[in-house]
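Data block below; observations after.
Letters A, B and C mark the chains in the order given here, with residues in each chain numbered from 1 onward.
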């Protein structure tokens, strides 16, 4: 078991290396002079040179890479071109809303989607099944911002039940904190719920046709136990896999959701940085997001060993 | 292996294909919707007026007889904007799908067949896939001058790893078949094996994955434009229109909701097409995807 | 001796795109307390469906019991609610299946799969149930039973898995054990062990067994009475020695003749012949059959056989046959 975990851990290293290399060379591979592009269309020669110095582009490539990597290892992600603040500082400032949003969406989405999928599979071809499938197909096509604006329109503008936008930090009260997260989570989570529900249903359907389910039924176990333990545990590997894949959806969606709902998190930071072409921040954020995704996938890989004993041995 | 006339098989497949489409409503609905949208997009300049005609005196009008979808903050006809926006989305979706399929096919075939290439290239693909696609596209766009072509390239790059994975898994499973092993031992050239045996089996999953890539590309492009990091504002894209509708959303929701609905329907149509094709071409694909 | 199971005119149909499949179409038999009854017939004759019908395990989307009665200890099973059936399954009537490789849940330990049955029906605590599970593993002669409790099915061999299935099935001391081809998927030496185990346990616990198989060897070794099924109908029923000595239905005779014989004496006595097979194939069950279902393949077929279905008659005590030509069949055999 521990061997398995260690192996999975080690497997993440080459991936992160590729990410780091890619991010590093991205800047230098772009056509044209990156410093010029970042400095802007009507920048003066001095401004461009200043940017170049700031980004360390005037030094040999290998030296830059090593410097940058060692910086990363020490938690130094560089300095913002425009604000002169360390990137890590900026990220730390904005991370709470993004974490709150992603975690709450994850929890809500999984708690809704899995039961939906289980019931749909159990009563296959029935009313619930058709409804879940319809939702799964449509939900995946709805862009995050559309859902967001529709929700805002109905619940915030017309009904006035929830705030139109903004984020209320948790230390300013738990209820306003929750209220500010409801609509964004729903918008962000729709596609996610659709995806998970769909895979849950498909996986459960396959499992329910297996012989061991017939055995479980022949033992007279309660339907609940047959579904939730005997069936679901066997169906869980693809479901958990898709939860991991969906994290990518969540991360991409966070950027848009924070823009729609005006939440001051990492997503907004990304957009602002991109528009100002503050490349160090974009660089740092890519590494953080990629790292988060890799971490989640690692956790999911490890969970396989707990869910399916055949993977351990 | 070539006992059944080689030329009979494609004809059979085509006939079955046609019948399958007729029987399966999902494909039909998706295809019809898509056909409608494509027609509208292609004939956009003739159907609607000039999307850029500013008319400040008529700004923020609700949908009416004269302006079917209302007007935006600059007094532009939202109907015209939406229809022209369809062109951008469809162009982006289609080109990304086609190009990334082609590249992904090449990479997937090579990786699935030559093991030493596989080890290296797949690591790189894994790394690319670790970066969320919008961020990757954003990062690429940050570094270059904005333009439709750049957006397309920026979206292709995160989509290629996904396609190549699918092709690779098909190639791997066929590569391990005994009859391929014996063909290799018998000296058959790799190129011939790839083209005659592995390639035909990748066509179905590739088409299906291609539709998903198309849908994903349209969503990413819209997202990018919405954030202001996509196609430049001179080109009407659904994302752009929505972004511009933000300020006055509360009093003029139609300039966001309507293009948004169009995007959703288009993506839905493409997804339905993909699902329907997948169910028909090979039900076993459903598990692989 | 009273009957623990009484089945009358059971009919189970499946509703498919190609029509109604009459898998079981009017089958009746009794199972006495502590008896071992064999149900024999080729694939598709309806024996498994009969078993599944008793426990009402036919999935409602595909088929259902359309008529007939199944009485368990006097209680009518066909009208019970799903809840009531669930308390009978695994408890009063248990079942084991053909494929031990896939019939156990791969992600749950052996101990869990036995203990949960006990917890469900006997209301014991989990640790008490695990102790009992341990006892059951010893009862089915699995070595190193303490360790096996925490192991997973994929760590056990086919024979051991079937022993576990038996342990599960007998864990709550059921009155009836239905065994659907329990040894077909195992190799011959293991087969003998498993069958021996089942008979031993039956003696100990007094369980009645319904042994479903296509293998007449298994029938000969384990059963006391036999029901022969063909195309969803019962065609013959007799005590096992009587069946082997004086079968009266052409189909049964065909089955018996098809057993390969390896004794050299038979050749000497001039009795060994070429391996006789039954010509033809089983009829499609999607159309109602007029006349005797075996008529198209029968060597003794007469005009009446094709027109009218023969009723079950009892020419000798305890021996029922459904054949118009049973006299001719007996004469031919003598």
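Note that a residue touches a chain if its C-beta (ideal position, glycine included) is under 8 Å from a C-beta of that chain, and two chains touch if they have at least 3 such contacts.
Since the model is a prediction, treat every value here as computed from it, not as a measurement.
J.: Among all the other chains, which ones are in touch with both chain A and chain C?
T.: none
J.: From chain B, which chain is the farthest off, judged by mean CA positions?
T.: C
J.: Any idea how many Å lie between the Cα centroids of chain B and chain C?
T.: Here chain B and chain C have centroids separated by 56 Å.
J.: Can you compute the centre-to-centre distance for chain A and chain B, using the mean CA position of each chain? Integer Å is fine.
T.: 21
J.: In chain C, which residues are in touch with two or more of the other chains?
T.: As it turns out, chain C has no residue touching two or more other chains.
J.: Give me the residues of chain B that touch two or more other chains.
T.: In chain B, nothing touches at least two other chains.
J.: Where on chain C does chain A make contact in their complex?
T.: Residue positions touching the partner: 55, 57, 61, 82, 85-91, 94-95, 97, 99, 102-108, 116-117, 120-121, 152, 154-155, 165, 168.
J.: Could you list, by residue number, the parts of chain A that touch chain B in their complex?
T.: 14-19, 21-23, 26-27, 30-32, 34, 37-38, 137-138, 140-146, 149-150, 152-153, 157, 164, 202, 206, 248, 251-252, 255-256, 259, 270-271, 274-275, 277, 279, 282-283, 285-286, 289-290, 293-294
J.: Could you list, by residue number, the parts of chain A that touch chain C in their complex?
T.: Going by the criterion above, the answer is residues 124-125, 210-212, 214-223, 225, 229-230, 233-234, 307-310, 313.
J.: Help me check something: in the complex, which residues belonging to chain B touch chain A?
T.: The touching residues are 123-124, 126-136, 138-145, 215, 219-220, 222-223, 226-229, 242, 249-250, 253, 256-257, 260-261, 263-265, 267-268, 271-272, 275, 286-287.
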